[in-house]
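Take a look at the structures below.
In the two assemblies presented below, subunit A is common to both, partnered first by subunit B and then by subunit C.
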Partner chain A sequence: MLLYAIRKLAYGFLIIITVACTVSSIIYLSPVDPARLSFGQLSDAGTVEAKRKALGLDQPLPVQLLYYLRDLSPVVVIDKNNPILESYSGVMFSMSSTKTFVIKWPYLRESFQSGRPVAEILKEAIPLTMILAFCSILLASLLGIILGILSAVRHGTWIEQVAMVVSTIGYSLPSYATAIFFAIVFAYLLQPLTGLHLTGSLLEVNDQGDWIIEWKNLILPVVALGLRPVSIITQLTRSAMLDNMMMPYVRTARAKGLSSTVITYLHVLKNAMNPIITGISGWFASLITGAFFVENVFNYRGLGVITVKALLDFDIPVVLGAVIFTCVMFVVINILVDLLYSVTDPRIKYS
Partner chain B sequence: MKTTKLKKKTGSVRLWWIIISAYILLKCLINPQPVVSIGNSGLRLGLFNFSNDISDPINNDILTIQPLWKVSAYKTHLGKDSTLPPLKWDSLGNFHLMGTDHLGRDVFAGFICGLEIAVLIGLFVAVFTCLVSLILGVIGAYFERFPLHISRPEKVLWIIFAFISPLMLGWSILGAMTFIGWIWYLILFVGLVLIFRKVFRTKNRILPIDTFNRRFQEFFQPLPDLVILLVVLAIFDKISFIGLILILIILRLPAGAWFLQGRAQQIVHLPHIDQVSTMGVSVWRIMGLHIMPLLKSYSVVFMSLTASRAILSESALSFLGIGPTGEWMSWGSMIRLGLNNMNMWWVALFPIIGLVGLSLLFRFWYKD
Partner chain C sequence: MATNQELLNIRDLRIAFRTDDRVNPVLRGVDFSIPAGEIVGLVGESGSGKSVTGLSLCGLLPEKITNISGSVEFTPENHPIQLVGLPEKEFRPLRGSKISMIFQEPMSSLNPVLTCGYQVDEMIRLHLRYNKKQAKANTLELFAQVGLPNPERIYNSYPHQISGGQIQRVMIAMAISCHPKLLIADEPTTALDVTIQKKILELLVDIRDKFGISILFISHDLGVIKDITSRVNVMYRGVIVESGETKSVLDNPEHLYTRGLIACKPPLYYRPRRLPVVSDFVDIVANGDYFDFKPTKKDGVEENETSEKTSGRHPILSVQNLVVKYPVAKNFWGSPTSWLRAVDGISFTLHKGETLGIVGESGCGKSTLGRTLVHLEKPDTGTALLDGKDLFRQRESEWRRNARNIQIIFQDPYSSLNPKMKIGQAIMEPMMVHGLYQNKALRKEKMLSLLDQVGLLPEHADRYPHEFSGGQRQRICIARALGLDPRILICDESVAALDVSVQSQVLNLLKDLQTQLGLSLIFITHDMSVVNFIADRVAVMYKGKIVETGLTEDIIHHPKEAYTRDLITAIPKWA
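Then we have the complex of A and B:
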């Protein structure tokens, strides 16, 4: 089990390194010159050349790539008088008179457009996306499990048919379509009744210029993002419950004289939870990318809005940081889901 | 006496033919132009005659039969006829089934263009992904059952080849490597393999063809599709229709090859494969005639799921405003337009309905 986890982790690490290499090399190869980009039209050749030197763009491509990986890695050995040391945030250990050993956070460089560190930009955006994804998965699992239990208990009736039709439609609705639909209905047509805003982020600036938390702005994105997981979890719960209801232990329990409520909620539901939990945790990862669209609809300043804006502006470090962060999230969640299988179902053993 | 009942052709297959031919017939009635015409802007897929203004050269010809149902073009038409709600006639006598947007463009025309683009993308991606992953999966499963024995140095050579080839593919995409370079590379590799086979005779290793699909899948599985698409779009800035289809195929390929290899591995262990291989039937014949036909039902399921996913991916990109740009109209960009102009709910509503309907249709296609 531990060995399996270590092997999976090593493999995930390899994937992240490969992704970082590929993405950075491909993006640095593209025809746009970031040095020109950060000044615009009002610059002379000397300034651009100096900026190129500062960004390390005058170096050959493999060297640039190695520099990026050096900034990214948490452990590094470099010269004491290297100016990049000022940007690292971590602990330094002196090794010799010239070399120093640094344990640091991954340094994602600075944005070409605003000049701010990418880590700072991401630090503002990631919590917003996380809150959005977490709230919607919470909503989805609550609603989905209730609907799934209902349709499994009322198997063969109109309740089940309605739930199945609704969940099938909900599954094939892309999240941005749902988001626009909700935006039009609840924030435009029914605006006087609901009082919701068409666009807005969780953190907003009020008239006095202070940052305030607007919980109201979270409602529509959460519902729009959660609709697809609701349908998945409904179907998962229903099929898991129905599978378990066919098992011999249910017949035994019924023969023992237990009431059907106890059988359904204490025996069947407990055994059916296993695939549901793994399904929910697997969907959490894809919700983060699903949030890209919903955020763009509601202009909710999370990871998605920042990435798409950076892509349109060709702000390479921000795109790289967001892509690498998303990949790390995906890899970590996938490993956790794999391990969760064996925790929830003791019959599964990894060797 | 027992009579064997001939299997009837199911009605749904006939239904598909009826739908397709009715569509083409309707198009010919409304539009006297050929179904697909090569215009100066490449492949033109305008199926209805979208132009009713005289300045358009297509309609200027006297010999052209005038369309029965005048569908207004998806063209700018500023004036008081803009922003018409659905089911309205404008001052020129055009009927707008789905209304017009703020520039006076007919939403129905855009809807039909988007439908064709979506169907084309879905079908192309599904069929080509399925074909390539079928080939990869069957080869993997076959060589898992009947392994190829090779010598140790040759295996090292194969591993080097497997690592260098993707790199060279990347170079050739970026223009650093030419077609001639590939030919030299392949000649060099094949020559080395042949020399190694002559020199090293002890064949105590197995060529791990079946693990290729697995590694391929293991690498791509944790990467979100959208992120890969965003990166590719960031590199090429402006992407073409064919380019988008290629990327979507590459994205869906690992999952497909892994899925079909898993199914083929069950088939490879069936007794009839043993029989034909002992009879001395050639490898390609076994793969093509004895394994692939048994995978038909699985491929149809895979194709239907791939098609609906491809449609959603394409419209998602167009929605974000970074999709393929060109002569056509995509549902995603219409939805984006509807988002920016909320008072025209019909601009966003009809493409959303179309998107959901089409992806549902593709999803339940395999149930036929």
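Then we have the complex of A and C:
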């Protein structure tokens, strides 16, 4: 089990490095000059050239890539007088008169636009996105599993048919459409009743200029974001439950005299859990990495808004930072889900 | 009239299933009774309604689509309870506590994600209102009573961690845990090896003696019925055609259908040239909702035949030191650290025109052997010479060209045909893949002649697999394999899933085809009496090795190895 987790982690590192290489190559190969962008049109050639040098953009692409990976790596051996050392936060161990060994946090560099460290920018956005994603998936899982069980138990009745039609529609609607729809209906047309804002983030500045947490700004994004997962989880739960209800062990359970409640919630649901977990975790992973459309519609300043803005500005370090974070989250969630499978299904054993 | 000792009294039980547009009768007026403390048999072929009878006694039929009428009086204590029409609310407390049931598929009959112990505890806590600790103690005691080794370990095991025989013991422990009066055993040993079957049957008799539980034993196997029951009811298409004392029914069957059924079981100690089939004895004509049984004019001729054939001894396939192994444990880098040797150094020779039987219990590697010969598994070491060329040292392209020489027919005819492909198409597909016959017309001609050869009609070509019975599907599979004019045909438990009467038809067909076409057969089976009928020579496999090999007669009459003797003596004797 432990070995399995370690091996998974090793694979995870490989994936992260591959993603970093691929994404940075694509971005650096594009014809836009970030150095020029950061000054606008008024700057002279000399200034731009100096900036380019400072950003390391004058180096050949593979060298730039290696430097980036060096900054990303948690352990590194480096010249003592290298100016980059000032940007690292970690512990240094002197190795010789010139070299030093550093254990550090991954250094994601600074934004081309604002000059702030990328880590700091992400640190502001990630909690907001995490809360949004977590609330959405919680809502979706609860609602989806309940609806799924209900439509499986009431197989062949109108309840099932309604649940299926609604979930098919829910799944077919793109999240930006539902987001705009919800915004118009609940934050504009019904605004006097609901008191919700058309746009807004979880953290807002109030009239006194203090940062406050506006919980109600969470409601519409959570619902808009949760709609598709609800539909998927409903359908997954229903079909997994129905499949399992056909199994001979259900007949055995009935022959034992167990009530249908015990059979449904204990025997069948436990067996149906794995596909449901797969569905939930996949959606959770993609929600955590930023719900681009929904965040932008509500101007909810999470990872999605930051990434889109950075892409438009060609703020390469921010984009790379966001992508790498995404990648790490996927790897971590996948490992956790694998471990979860072995809890819900004793037949799965990792070695 | 029901007497005092009768635990269960079934009168004119009729059951039908409703579909959208029609009502399909399954039971057409069944009468029989089960005396207290006896084991009563219910025997019939698939589709006869025997399982439906069992399920109806437990109230387990799908309520929404079932029409049920008649009377089932169950007398667990002093007062009879009418089970027909009993509301679910009153039926549920009876299930498990007064009537319990065990099923055929041991592997899927227990919940895979709950421990065996929990599944028994759950029932004891429900019906006997024990607390957790009492229930556990009770379960462990039951596990010991049904002969499970190391009850504590089984208690904490999940179903996939123990064997099929052990699961069936857990099921039995569960079934008797709340002291029921009636145990319905629906083909409880059909999926088990004969040696394990024998022990489970002994256990059931033991339970009856110890706890006085009456057992309704449902089976298709007359041998098992003879071994364990005192009374038997023979069922055909929803009616009981004959019932009485087991011994007298089986020794002197009165009904034509019973006679046919008894005759078509392959005998173990002599070898008929052909196996009789039910239609040799009785013509069954549908007459409205019922059936008329008329004797046929044919005589069931039974000639004895010795297994030595006159076929020349030309080796066609020679297998040397074949080893097939699967990794069971891997280290950190993914390379295997320990292996299961499914086939462990096997050598044999197959001669032209002969049938080699390969017998063994489940898990002995006999199927792996067959699958390896047709490249479905990868051999580890060893050679298999066909025409002096090693099958295992061929390039993929070369193998593909030669694949038609060896064809295989699998056990389950239901899952080995593509449900979306018409059977004519299914038979022609391999011919097309191998580029046999120049055009479609010629392939079609061949396909039609194959259908004729296996006893199907030309119009069957345009039908889909679900329109055929199990026996017909197996014929289709045979036709498909023969389409490539193979020289060797491997039959992997090819008749194991079929009813006895259908089984003998298919075995006769295979034997006829072999004589006509000069095929060499490798017949893989667990059933000694099937081997006795079809094989010239037998190899007995145990744990991946051949423990004994020789002429069929010699092996069956004078087995040398203890294991072979066990296999033969475990077969229920009834002839």
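Operating definition for what follows: the second predicted complex is superposed on the first by the 331 of 351 C-alpha atoms of A that agree within 3 Å, B and C clash if a C-alpha of one lies under 4 Å from a C-alpha of the other, contacts with A are read in each partner's own complex, and residues count from 1 in each chain.
By definition in this document, a contact is a pair of C-beta atoms (placed from the backbone, for glycine too) under 8 Å apart; a residue touches a chain by one contact, two chains touch by 3 or more.
Note that the coordinates shown come from a computational prediction; the quantities given were computed from them, not determined experimentally.
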| item | value |
| --- | --- |
| Contacts of A:T307 with subunit B and subunit C, given as first, second, both or neither | first |
| Touching partner for A:H267 - first (subunit B), second (subunit C), both, neither | second |
| First, second, both or neither for A:I180, with subunit B first and subunit C second | first |
| Contacts of A:A45 with subunit B and subunit C, given as first, second, both or neither | neither |
| Partner chain(s) touched by A:V91 [first = subunit B, second = subunit C, both, neither] | neither |
| Which superposed partner A:L2 touches (first subunit B, second subunit C, both, neither) | neither |
| Touching partner for A:M246 - first (subunit B), second (subunit C), both, neither | neither |
| Comparing the two partners subunit B and subunit C, which touches a greater set of residues in subunit A | B |
| Partner chain in contact with A:L193 - subunit B first, subunit C second, else both or neither | neither |
| Contacts of A:V75 with subunit B and subunit C, given as first, second, both or neither | neither |
| Touching both subunit C and subunit B, counted on subunit A across the two superposed complexes | none |
| Contact footprint of subunit A on subunit B as seen in their complex | 170, 174, 218-219, 221-227, 230-231, 233-235, 237, 308, 312, 315-316, 319-322, 335, 338-339, 342, 345, 348, 352, 355-356, 359-360, 363 |
| Subunit A to subunit B touching residues, read off their complex | 11-12, 15, 18-19, 22-23, 26-27, 29-30, 32, 168-169, 172-174, 176-177, 180-181, 183-184, 188, 198, 285-286, 288-289, 292-293, 296-297, 307-308, 311-312, 314, 319, 323, 326-327, 330-331, 334 |
| Touching residues on subunit C, where the partner in the complex is subunit A | 58, 60, 92-97, 100-101, 103, 105, 108-114, 122-123, 126-127, 158, 160, 171, 174, 329-330, 332 |
| Parts of subunit A lying in touch with subunit C, wherever the complex brings them together | 3, 6-7, 247-249, 251-259, 262, 266-267, 270-271, 344-347, 351 |
